[in-house]
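Encoded as structure tokens, the structure appears first; notes follow it.
Chain naming follows the written order as A, B, C and D, and within any one chain the residues start at number 1.
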Amino acid sequence: MTTGQVAAAAPSELQAPLVSGNLVVAGVGGQGVILASNLISQVLLDAGYDVKKSEVHGMSQRGGTVVSHVRFGPEVHSVMLEPGSADWIVAFEWEEGLRALSFLKPGGVALVSTEQRIPPAAMLDHRERALAYPGLGDVPSGVVAVDTFAVAGDAAAGAPVVAQTVLLGALSTLLPFPSEAWQSSIGAWVPPKALSANLTAFERGRALSGRVAAAGEPAAVAGASTNGTAAHEGRSGRAGAGGVASAPEGAAERLVPAVHIERSWCKGCDICVAVCPEKCLVLDRFDVAVFANPQRCTGCGLCAWLCPDLAIDVGLVREAGAGGRSS
Amino acid sequence: MSWRLDVRCAGSGGQGLALAAVVLAEAGLAAGCQVALTQEYGPEARGGASRADVAISDDVIANPQCGVPSILLALHDKAWRKFATSLPAVSASLESGSTTAVVDRDLVAVAPGTPGVLALPFEAIARDELRAKVVANMVAVGALGRLMGRFGSEIVESAVAKRSPSAFSQLNVVAFRRGWSMMDDLLPAAVPAGR
Amino acid sequence: MSQQLIQGNEACARGALAAGCSFFAGYPISPSSEIAELLARELPPRGSVFIQMEDEIASMGAVLGASLGGRRAMTATSGPGFTLMQEHLGYASLAEIPCVVIDVMRGGPSTGLPTSPAQGDVMQARWGSHGDRATIALAPGSVQEVYSLTIEAFRLAETLRTPVAVLYDEVIGHMREGVELREPTPDELGRRTSPRTAFSPTFLPYAPDENGVAMVPDFGRGYRFHVTGLMHDERGYPTSDNAKVAELLERLERKLEPAVAAVPPERYRLDDASVVLIAYGIVARTARAAVDVLRREGIRAGLLRTRLLWPLPAAALTEVSRSAELVVVAEMNRGQWALEVERLAGDTTVLSPYLKAGGSVITAEELAGHVRRLTREGVAVS
Amino acid sequence: MTLESLEKTAAEGPPPESPATAGEPTLPEPPPSAEKRFLRYGMMPHMLCPGCGHGIVFEAMLRALSSRYEQLDDIAFVAGIGCSSRVVGYVDACTLHTTHGRPLTFATGLKLARPELKVVVVTGDGDGLSIGGNHLIHAARRNVDLTCVLFNNEIYGMTGGQLAPTTIPGAYTSTSPQGNAETPFDAARLVEAAGATYVARAQSYRTREFEEVFLQALDHRGFSFVEVMTDCTEYFGRTNRLGNGADLLFSQARVEPAIDADLAGRSTLQEVPPRPVRPVLEMGVLHESSRPTLDQAMKLSGAGS
């Protein structure tokens, strides 16, 4: 199949009528995940499906994980998706997208923005540090990495959040609904002021249909280099594996992440409390940060990175009381 | 015989300590006294601990800076450490009883029975009784006004009203009265309530 | 050694090169530009640095940066540029960074008289920077002395770790005289005060030696330390400790005292003088002629010619002004150094400065006439 | 006045918690992160306000340096005056805290005096663009081989929140109580136009990206310039009612209005938009080129004097 020819004719090219489907929309607070899942649900409802939608907010409203599950079919009972059951994933943030991959069924397609936002904490399995962080170079199969900013171009100039609409455009080429259905849903959900920018971004996303369709093939290349408009090298930092030192030899060592707070340096600004994805930190009554929930710490290091007072150290420590955890 | 009273209001940025000091100075002025208010400026004042000093006297105030205050209000632990325990002169003065420290019971770490220190629940009262944590400073002003024993409550109260932002005027007065009565209950009857 | 006929500004540049100056940053300004021009030719072939900066503030900043990097560094300017450099001169005093500034004085204030002589920057050299800044200012009176005092300026700057200003006027700057360009001895070059111990975490860059001079190392020599224009303790860390600040200011003033002995005043026919002329720079030359004129007329005149303006050679000034009946400070300004002499002179001495700030040099005849008139009035016994 | 009765009453309050044991972490403490070895512990805690973005960038700088250097013996940090410039004092290296606006002049002299030294200049938007604007463009023009990091918090923090040449139109400061009427500089573009050979922009919010461009800037031969957008919580944030440090940090990513909506009505300026929005600034490497550096052009060797 040649690229870029599918846009308007997408539905007719699909092999079989779509009976039901599962979809995950993921991102971080402020990226419009909920709005996007509403918008998709609207398209599905208008097409006559029964639609169930759930929202999973992360620990933090601001910058925290936000995931929405959308299920549709003739009749849908359960709201939440099981791992390995999603046909499509739309993720507005790179780490969040990779984190959501466990939901993707074999052969499914994940449309993931290369935008990187904190918290990268999501990439760490609790305590076990089972996952190493994959950089942009390692695109898992089934994933289409899209430099949404580059594809959106000037459409996102007024508001970066518009860039994410590119992914909806890309998604629309995988679903058997006419472009107009999407446009009308966008019209219904997006503020009038931002409508034309969103529609432009949507159309630019539809133009990615070729790459989207090829997603099953190995090494669906990140970025939009095929259309010559995008290169994500300059923009996206290569996030490392958090503030944690090199990985332990094996899980058997039972090293667990821990946080040290230098009380005399902490000025109680609240940033660490707000950014910790797992809400491990609180301010005490003297306005000093305290590592209150060590059991939830993933060692992501965000608190240390963003502490203006250099008061926080994150690292791995041997867990107190050997045998406290099963091996 | 001329007298001079030095009051230091110390706390964390945003607690309204400067306003507390201004109110006390305003009260002194209304009572016909000489007043001088000095404040810590510069970046060091923003790092979590700030102070404002008020000198009130019935005579010309020669040196407006107060080395060791007669009354030290501390509403934050960092301020307490910076302006009291880390200053040998202030510590000695607390020990000898020539300085009285009034600190917030919950916000300042001080052992019970420390000489010269009164630990009072300003913030707790503001938060739990008055439903506005921000007026803890005015509860403290009430307590301080009474402890100073120089001015009648009406003089200090009108200073509170005069200096409060209009939206907070009423609440501040209520907070002030609460602080005054709290100190009234604590003080020995022998000490006259103002003059 | 043979004499060479060179200009005052050239003598300055030659003196700087002889003193080991290896960094010059400056900005063009009359009547000092020849110094920069000559050093622009001479420094680069020696592997040294000449840079013309965007203004005098930048020039002085670059000089201080280079000095901290271990170079003997200087700049040259005139009154307006000297004004712009004042903040950095204050910085150099407090942070104890050696440097030499040549100020070829012209008429002021403001743009003033760009190519006319004046001695109007005497107080600027002392008080131009805010705060109580101790400083050294030299005042050569001949082209030969421009050469030797430029070398001396580097010696004082390096050994006492302080900025040293060399003040002379436009006439000396542009005048040509026979000069003997004698190579300085190692003693005359001096050595920069530097630390005597290797770096350790407890190293104190601003700990003074027995002469009260901080032993600050150069950057990049294995010592890690902080330099700041804030009041600092011996670690170089900012402090607002009143006692430490007072001690620091006192030390910075005290450490400059050796300069007084190093650059003694010249006494001319002072032994029996009842009329003492006090002068520096170009005026000292005409004052010397005036002394001779007056002596011929039977007036017992003498001259104290100072080559050091700051720190004030107070002992010598006090001594001569108290022993005389009439003291005449002659200078080409509205009476800057005369005020200092006034402070030092005793009650019995009559002070009558001769001041001229119009853009030309005080002549011997003018000065002699001034004294003659006063003696006729019975002020001083001849 | 006797205090005995008062003390008794005071003592009835709940026993105060010792700060040292508050929170009671049960885990052993992790070792200090690697970059902390570059800190002058004797000067900590630093003087920046709670939540100040400069602190975040400062630590990111140290973190980046710790990936390259064991010790900072051969790096000199030169800074001017202002909140940003104070951070060099906390680095265990040769650090030079100069006068207001002039760090690049000192740095130019130092670099020429000792070309083998790596020189990093830390400046702020007031220091580097206002009083020191002239030196900035000239240092860029000369292609002095140094790295200049400009902390842009859009305001004068040290002196109490006054208008800066980077304050966006309409924003309130203590000297623009009616809203800023002026147009700000685009520092990165200014420096590029002046001849800098490496120009990048980053945010305190995205520390990893800052570290990346900072390391590139350090590696670059010639005048490298990194503008980093940071937040002034005490003045910019408070005056424009934008919330606390965390709020400001997140607002960087969201490109939110630069002043509280309720405040916008206060504006008496007709020409500025009623709710000023922080401009969408291009981040990352903005310019990179190559030409001889000043010391190369002067043929200075690194031998020192």
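Going forward, contacts are C-beta pairs under 8 Å (C-beta built on N, C-alpha and C of every residue); 3 or more make two chains touch, one makes a residue touch a chain.
The model shown is predicted, which means the values in this text are computed figures rather than measured ones.
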Least hop count linking chain A to chain C through chains in contact: 2
Pair exhibiting more inter-chain C-beta contacts, C-D or A-B: C-D
Chain whose Cα mean lies nearest the overall Cα mean: D
Between chain B and chain C, centroid-to-centroid distance (C-alpha), Å: 55
Mean-CA-position distance for chain D and chain C (Å): 40
Centre-to-centre distance between chain B and chain A (centres being mean Cα positions), rounded to whole Å: 52
Chain B and chain D: spacing of chain centres that average the CA atoms, whole Å: 36
Residue list for chain D, restricted to those that touch at least two other chains: 17, 19, 45, 48-50
Touching two or more other chains - residue numbers and ranges from chain A: 267-268, 285-286
Residues of chain A touching chain D in the complex: 30, 62-63, 116-118, 157-161, 234-240, 243, 256-260, 262-265, 267-271, 273-275, 282, 284-286, 288, 290-292, 294, 304-311, 313-320
Contacting residues of chain C [partner chain D, same complex]: 22-23, 25, 44, 47-49, 51, 53-55, 57-71, 73, 87-88, 91, 219-220, 222-230, 235, 237-238
Residue ranges of chain A touching chain B (in the complex, touch as defined): 267-268, 285-287
Contact set on chain D toward chain C in their complex: 40, 42-43, 71-74, 76, 78, 88-89, 92-99, 102, 104-114, 116-117, 134-135, 138, 298-301, 303-305
Chain B to chain A touching residues, read off their complex: 12, 47-48, 76-78, 106-107, 109
